[in-house]
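Before anything else, here's the structure in question.
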Amino acid sequence: MIELLYFAWVRERIGVDGEVLPLPEGVATVAALLDWLAGRSEGHATALADRGRVRVAVDQVFAQADTPVTAGAEVAIFPPVTGG
Amino acid sequence: MIELLYFAWVRERIGVDGEVLPLPEGVATVAALLDWLAGRSEGHATALADRGRVRVAVDQVFAQADTPVTAGAEVAIFPPVTGG
Amino acid sequence: MILVRVQAEPLDLAPLLPEGGDTGAVVTFTGFVRGDANELGGLVSLTLDHYPAMTERALAAIAAEAERRWPILAGRVVHRVGRMLPGEAIVHVAVASSHRAAAFAAAEFLMDWLKTKAPFWKAEERAGGTTWVEARASDDLAAARWE
Amino acid sequence: MILVRVQAEPLDLAPLLPEGGDTGAVVTFTGFVRGDANELGGLVSLTLDHYPAMTERALAAIAAEAERRWPILAGRVVHRVGRMLPGEAIVHVAVASSHRAAAFAAAEFLMDWLKTKAPFWKAEERAGGTTWVEARASDDLAAARWE
């Protein structure tokens, strides 16, 4: 399983705070996970339409497109941060 | 007349807070005033021995060697500042 | 040692005072909610969303990097979350060091990295509705100065 | 408007809070007397001498230059004079602006210029006697960055 968490407008577009899913077959990186997620619902597709505007953290650390995703990971997806 | 004011170690070496003197004949600039003052006493000579370590303000504005000094001026002589 | 904290309560802006005899300089930064009266309707409120499991960890990493780069004697980074009103403080950073150059640099670094590397998101409530604030390219440039 | 003040009394370090809705950033600098315990005998006291007729005028000129360079909404520059003890504040600068880059730059500028262009002199009292502090070349270099 992997735990997905969504924040800010990513959460609003997808419509849930997060979800727990089996790691999809053939998905081993952040990029592959986003590709797979975008096909999951219209909300997911809208949230992930522009990958340049989406950031990902794996196990609470900022990740890149090629960062590995394995079973048990916590994967957070959100817009560029705007705190401070 | 001119009013001379001394601060920090310039004051301590000269031995007074300040003095009021007639503008010496032939003195028209800061540099000329310092040359004249250095001959006034041993304390003055010691205080002004190294001109590179002495700063001057004329009428409360930082002055250069060629800044004019005229009768009625307030001339302050002090080390490089160390506030803050 | 820089203390980091995330809280829903209003921030305490009491000054960071020297402990021990080595502190010669304290620099603070405080970010406030602007009212933006010039923009349509002004700002009603600002809500800070964050990623709780990651936030303090990210702030601690930023603080550790500052301590690696400058001789910091004490410091704090406190970020507020939840809903706040114009004039209220969003974030407060304080750094104590022996000399001012290090204190200024570390405080500015902490803010620049926090702005781009800590998982907070601002939503602005105006008369016309609530919108998520867009990240600013100038913040990325400011953070890149320290790479 | 930056208020400038010279006083013999201990400095008030209460935070500068936003007035009106445009303030997004406040940066402060506070300079403290260091105890210098590592140096022979440590520091007993620090005495700040100044040139009263010139001091506030010089500070006002420095503040005016900062206001010419950055969009400053409010600020203060307060310098203490007379005798003070380790841990006490010597100088406090606060700058409010809409954005952090201006607030940081203006506060650092105010300190760099104050250190080199305002008529204050420090005398350090140690067990061995009292000596005038030498000006530091690093302060001249810091001030020259803004020329």
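The chains carry the letters A, B, C and D, assigned in the order they are written, with residues numbered from 1 in each.
Following the convention adopted for this analysis, contacts are C-beta pairs under 8 Å (C-beta built on N, C-alpha and C of every residue); 3 or more make two chains touch, one makes a residue touch a chain.
Given the structure is predicted, the values throughout are model-derived calculations rather than measurements.
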**Q.** Chains in simultaneous contact with chain A and chain C
**A.** none
Q. Where the centre means the average of the CA atoms, what chain is farthest from chain D?
A. A
Q | Separation of chain A from chain B, taking each centre as the mean of its C-alpha atoms, in whole Å | A | 72
Q. When the centre of a chain is set as the mean of its C-alpha atoms, what distance in Å lies between chain A and chain D?
A. 49
Q) Approximately how many whole Å separate the CA-defined centres of chain B and chain D? A) 26
Q. Mind pulling the chain D residues that touch 2 or more other chains?
A. 31, 111
Q: Check the chains against each other and report every pair that touches.
A: A-C, B-D, C-D
Q) Across the complex, what residues on chain B touch chain D? A) 5, 7-9, 57, 60-62, 74, 76, 78-84
Q | Residues on chain D engaged by chain C in the complex (per definition of touch) | A | 13-15, 17-18, 20-37, 42-43, 86-87, 98, 100-101, 103-104, 107-108, 111, 138, 142
**Q.** Parts of chain C lying in touch with chain A, wherever the complex brings them together
**A.** 31, 48-51, 53-54, 57-58, 79, 90-91, 111, 114-123, 132-136
